[in-house]
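Each of the two complexes below includes chain A, the first together with chain B, the second together with chain C.
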Partner chain A sequence: MAATKIYAIYKDDDLLMQAVKQTRSANYHISEVFTPFPVHGLDHAVGIAPTRIAITAFLYGLVGLSVAVAMMNFMMIQDWPQNIGGKPSFTFYQNMPAFIPIMFELTVFFAGHLMVITFYMRSKLWPFKKAENPDPRTTDDHFLMEVDAENHDLEMLTKFLYDTGASEISLIEKEEDH
Partner chain B sequence: MYTLPRNLKLFSIVLIVLGLAGIIFGFLTTPKTIDDVKKIMAEQEGHHGDAHHTAGHGDGQTANFVDEARGQEGYSQNAMKHATDLNPEGHGATSHEEHVLHQLQTRPWSATFVAAFFFMMIALGVLVFYAIQFASQAGWSPVLYRIMEGITSYLLPGSIIVFLIVVFAGTHFYPWQDQDLVANDKILQDKAGYLNFPFFIIRGVIYLLGWNIYRYFSRRNSLAQADANNYDAYRKNFKASVFFLIFFLLTEATMAWDWFMSLTPHWYSTLFAWYIFATMFVSAITVIALVTIYLKSRGLIPFVSDKHLHDLAKYMFAFSIFWTYLWFSQFMLIWYANIPEEVTYFIIRIQEYKVLFFGMLILNFVFPILVLMNSDYKRVPWFVVIAAVFILVGHYIDVFLLVMPSTVGHNWYFGIPEVAAILFFLGLFILVVGTGLGKVSLRPKNDPFIKESENYHF
Partner chain C sequence: MSSHYEAPIREPLVLGDKTYHDISVDVAAPVLGKANKSWWIVFTIALVAFLWGLGCIIYTVSTGIGVWGLNKTIGWAWDITNFVWWVGIGHAGTLISAVLLLFRQKWRMAVNRSAEAMTIFAVVQAGLFPIIHMGRPWLAYWVLPIPNQFGSLWVNFNSPLLWDVFAISTYLSISLVFWWTGLLPDFAMIRDRTQSPFQKKIYGILSFGWSGRVKDWQRFEEVSLVLAGLATPLVLSVHTIVSFDFATSVVPGWHSTIYPPYFVAGAIFSGFAMVQTLLIIMRKVSHLESYITVLHIEYMNKVILLTGGIVTVAYAIEFFIGWYSGVPYENYTYLSFGAATGPYWWAFWALITCNFIVPLTLWVKSLRRNIMWTFIVALIINIGMWFERFDIIVVNISKDRLTSSWTMFQPTFVDIGTFIGTIGFFFVLFLLYARTFPVIAQAEVKTIMKSSGEAFKRLRAQHGDDHSHVQHVEQYPADAGPASNVEKHFDSTFDEATPEALNIDDVDYEQNKGRIEMLLNSVGTFEPSLQKQDNLQKINGIGPVLEQKLHQIGIFTFDQISRMTDREYELVEEIISEFPGSPKRDDWAGQALTLKNKN
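This part shows the complex of A and B:
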């Protein structure tokens, strides 16, 4: 199924922000925005739901903590207790001060790495993936807003977008793979 | 413009009067002679005559927490035997009764010192936070300058009281001031070049002068900036803040050694100064947040948004973790090395103050981390207030545990002198800070970053 989209290109992030707000308040649907750098407050302006990655980070941290506790309990207490500096090594809680740095490190390690992996999976990024970027200039100094053009008067929409400050506008028939 | 409401003013004066009465009561009711102590001890014996005998220090108990955690019977008893800091002989006392007498006589001093220092360090910590804002030319915080200046107005009276306490606390508070003790003690003789009474006073005067002079000039420059049409006053404040921060970091370390570490003059820890700083800083930021919430709820600071509160709560969260990090670093090294001179510090705290010692960790670490972890909760005032109460109570206990085990030992009790001291200094704090906030407009006009701060958004 083909979708009709309009690509509007802006040359300034402030202009883009303003255009995004105007476009949304005129009840047009913005399907995607491409920018060379993160624009502050853009996600909120486009109306994207807030990220839930913080929740996953907390859960991954708990997983890391549990792994650390289970691992050290097995290695240092159950399987092979060692006498290190005369420290008691027969129960977990007697030895816990020595384990706390490792518990901390594994909490951070799990939270950090799993969070990055989650982020890649969620944004459908993997090695050798072809870039989805429609216009290479958006990796340099241009900002691109993708607006749904179906069911809209193209002429009116084009004029509207020019009025928001777009420097270029192009109509695209996009093959969607779903 | 804020004016301290009549009710609050009356309330603070009542607190001061009640507290003062309690403090005086505490000083008057200390035992005067060894006979008094014998009477008290006989009474205690009557209450629970089974477990304790006069040897004290929990020697009689066979199973205690430290031994159990070490997996070594009699470990703590052996360690304490060698600790001259905490033993009767260490204080130059001839008998156990005399030692207890000295500890009981020191108790009202300790109780007053803990509360006096707790409120003074809040004002001092806020002053440091304020200096950091200037030195880093922070853009988010200028809307809070007048609030911080209001809190630091407590520094002058607070620091003078603390100074008077440490000067007059005497030889049972600071054992190294006892000449007879030093004469028989090789370690204290080696330290006498630094730990001697005249130099101790000189250092105290230097701290007080340095901190209060910076507070006076930074406040004056900050007020002058409001009426100026150039940025000269701001530039002067920037320079003053940079030099103050250098001065503070040096004097804070020696202050921690002088006023706290020298309570047990044989014991030392290289992390100690940072640890005191962490306590000071997290309590200070917590109080900034509390005062901000209070003023905001009265509608006096419409230019402060929930973004500013969010940032303050982030600092509370971060520095609670920082405090725990330093606390644990100090604890773990001493626990691991297990050197008799060092471990006694923690043994007495764990044995005699177990609930406070571990409760403090929950209040200062577990609660703030759980309450303030969620980003949205940091903008909800009552959530921040709950976390603030945990943090302030926890850090009062922290200061309590720095002082009491070293001066009063196992004869501690949370009674009239301790509560009265808190009431007195809380009342004084409310009165002085409330008056200090009220003198000028709460909006720092003409600050170069005020516009950025008001539009602060993230």
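This part shows the complex of A and C:
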């Protein structure tokens, strides 16, 4: 089913912020915003939930730490204990001071990489992915707000968006993808 | 909006009346333009050095490490010196992008991209040396804890050398993803700006399809912050672990508890010196003086002063403790009276001069802001930090506990060639980077424009802090009306303006008759019966209004515009009143030529 959207293009971030707030308070639904750089506070103004990606990083870090402990315990204590420079290898606890650096490194390694992979997957970023910004100028200096136009009087909505400071307004019939 | 407030006492970080669009144009210019002659000359020199080094490496690997100048006493020399030197240089990038991000230092945004690139390229050089030193580099995978045919004899997790393997590979890979994640929006900008289909394809792949959705940006900022939080202890751990290679040994001069913090400070010291060396050249060559300003250079000089001061204090402590211990062996360590007056006196004094005395000049503000002097000091620090590692490694073991084995180190041409080769390799990578990557994190710089841009600071000074910061820049003059791309079936009922009535003043034909004739004589006239008119708006800088005015003068094709020179630009500007473009800066003729050839 095709959805009717209106693309309103703004040429300034402050103008966009103001327009987003006005559009939301006029009870129009903003379905997406494309900006060339992170506009401070825009996520809050659009009303999207805070990201949980930092929590995943913490969990991935715990995984990394566990992997490091399990790996070194198996290799140095269980499987093939050796006397290396007199460092005690009878228990993991006794040998642990020598393992701290690698426990730290693997924590960072797992947390960093898996978090970034999660980010790429969630935001659908990978090589050969086609860009979906509707106007190429939105990576340069233009700000595009996509507003649901269904069940609204198009002329009123257009007039409204024009009054919020949009410099270009266009009507789009879009294949529904969600 | 007052949210852009920044104390007026702070100097601007972006000079000139830049708009967001100007930033895109300036950052994309080196990528979209052609390399000049000096780039090719420097690249060729670097490539030759790289190939020479490659030859030396092949010679080493095929013959054996005996081709180096090592002897029974000095079993570690230039290889490990160069390794530590390169790893140290690789510390500035992540420090700038991670630590300065946590401290919310806005000036990092102009320099972080190149500093991170430098980091990655320097760590690549560093990694080469231990691998070559293995003698049989094809067995390099033995350093990894993988099951093997020797009864599963595992790697030794008690050894600082193995910690190095984990620290350096974690550092390299985390720096790489940090760098790449920050690059995505900038690759996307180039993807959307370029005219060439090949570049569009390549940068489309590199940008991972970045679209700039508000949710993407939210995650992007969170990921950057968490990565910075992870990379900050990481960058400190890497050189700490490198210093453990020495500090956990029992060699006088190496066995020193001060090494970890002292090595980290030294690494940042040398890293910033290398950033200065590279960026002072790059800002000139790539015309980035508005973004990498004297203020940035001064800030980096202050970091150099701080870390250089820490290093100097560490030298003093080493010297004092060596003497105070009363142990005779300590009198031959690299910071001792014995070293200062012994056969390696020149290495000792090179260290003191380059790392302590010369950087002291940066306490003088006028010298700290002097670009030429900064460049010289940065070069001297690079040399001094190489000597520091040389002194630690070679001087310390040249006079060991057995007097009969005291000796000096003599490098062979292979030692020297390999070192020069890595410098060549480093510059090959950096020069390629400077031509193909957005060298400034333009998306981030755009976020600080309104707080730290010169024009906006002036605006606040003139009109007060509550002045509106909405930019009124006529780039697409279509905004005289609601829209130029309103679809046809959509009837607008606005009273004040319809797409047709753009409030354009017609070109005064009578008054400009002479000029128009002159113009058309040089660019040629348009024959509607023979030629087809082109969409002039494809040229960057020409919008609907300007196109209409050009049509009124009689300019309809790319062919005509491609014949324009400075004289014709001037004529056009004279004819069209309230001229909203800048043909020379946007290079209309060049753009038109490409477009014409594509038709």
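FYI, the second predicted complex is superposed on the first by the 177 of 178 C-alpha atoms of A that agree within 3 Å, B and C clash if a C-alpha of one lies under 4 Å from a C-alpha of the other, contacts with A are read in each partner's own complex, and residues count from 1 in each chain.
Throughout what follows, contacts are C-beta pairs under 8 Å (C-beta built on N, C-alpha and C of every residue); 3 or more make two chains touch, one makes a residue touch a chain.
Quantities reported herein were computed from a predicted structural model and do not represent experimental measurements.
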item: Partner chain in contact with A:Asp43 - chain B first, chain C second, else both or neither; value: second
item: First (chain B), second (chain C), both or neither touched by A:Gly85; value: both
item: Contact breadth on chain A, by residue count: chain C or chain B; value: C
item: Chain B versus chain C as contact partner of A:Gln94, first or second or both or neither; value: first
item: Partner chain(s) touched by A:Ala54 [first = chain B, second = chain C, both, neither]; value: both
item: Common ground on chain A, meaning residues reached by chain C in one complex and by chain B in the other; value: 40-41, 54, 85, 87, 98, 101
item: Complex contacts: residues of chain C adjacent to chain A; value: 1, 3, 19-21, 24, 145, 151-160, 162-163, 166-167, 170, 173-174, 177-178, 181, 184-185, 188-189, 191-193, 204-223, 225-227, 230-231, 233-234, 237, 241, 244, 443-444, 446-447, 450, 468-471, 473, 475-476, 478-479, 482-487, 490, 492-494
item: Complex contacts: residues of chain A adjacent to chain B; value: 40-41, 54, 58, 85-88, 90-91, 93-94, 97-98, 100-101
item: Touch list for chain B against partner chain A, complex; value: 69-72, 328, 331-332, 335-336, 338, 373-375, 457-458
item: Touching residues (chain side chain A, partner chain C) in the complex; value: 9, 11-15, 32-43, 46, 48, 50-51, 53-54, 57, 61, 71-72, 75-76, 79-80, 82, 84-85, 87, 95, 98-99, 101-102, 104-106, 108-109, 111-113, 115-116, 119-120, 122-133, 136-141, 154-155, 158-159, 162, 165-171
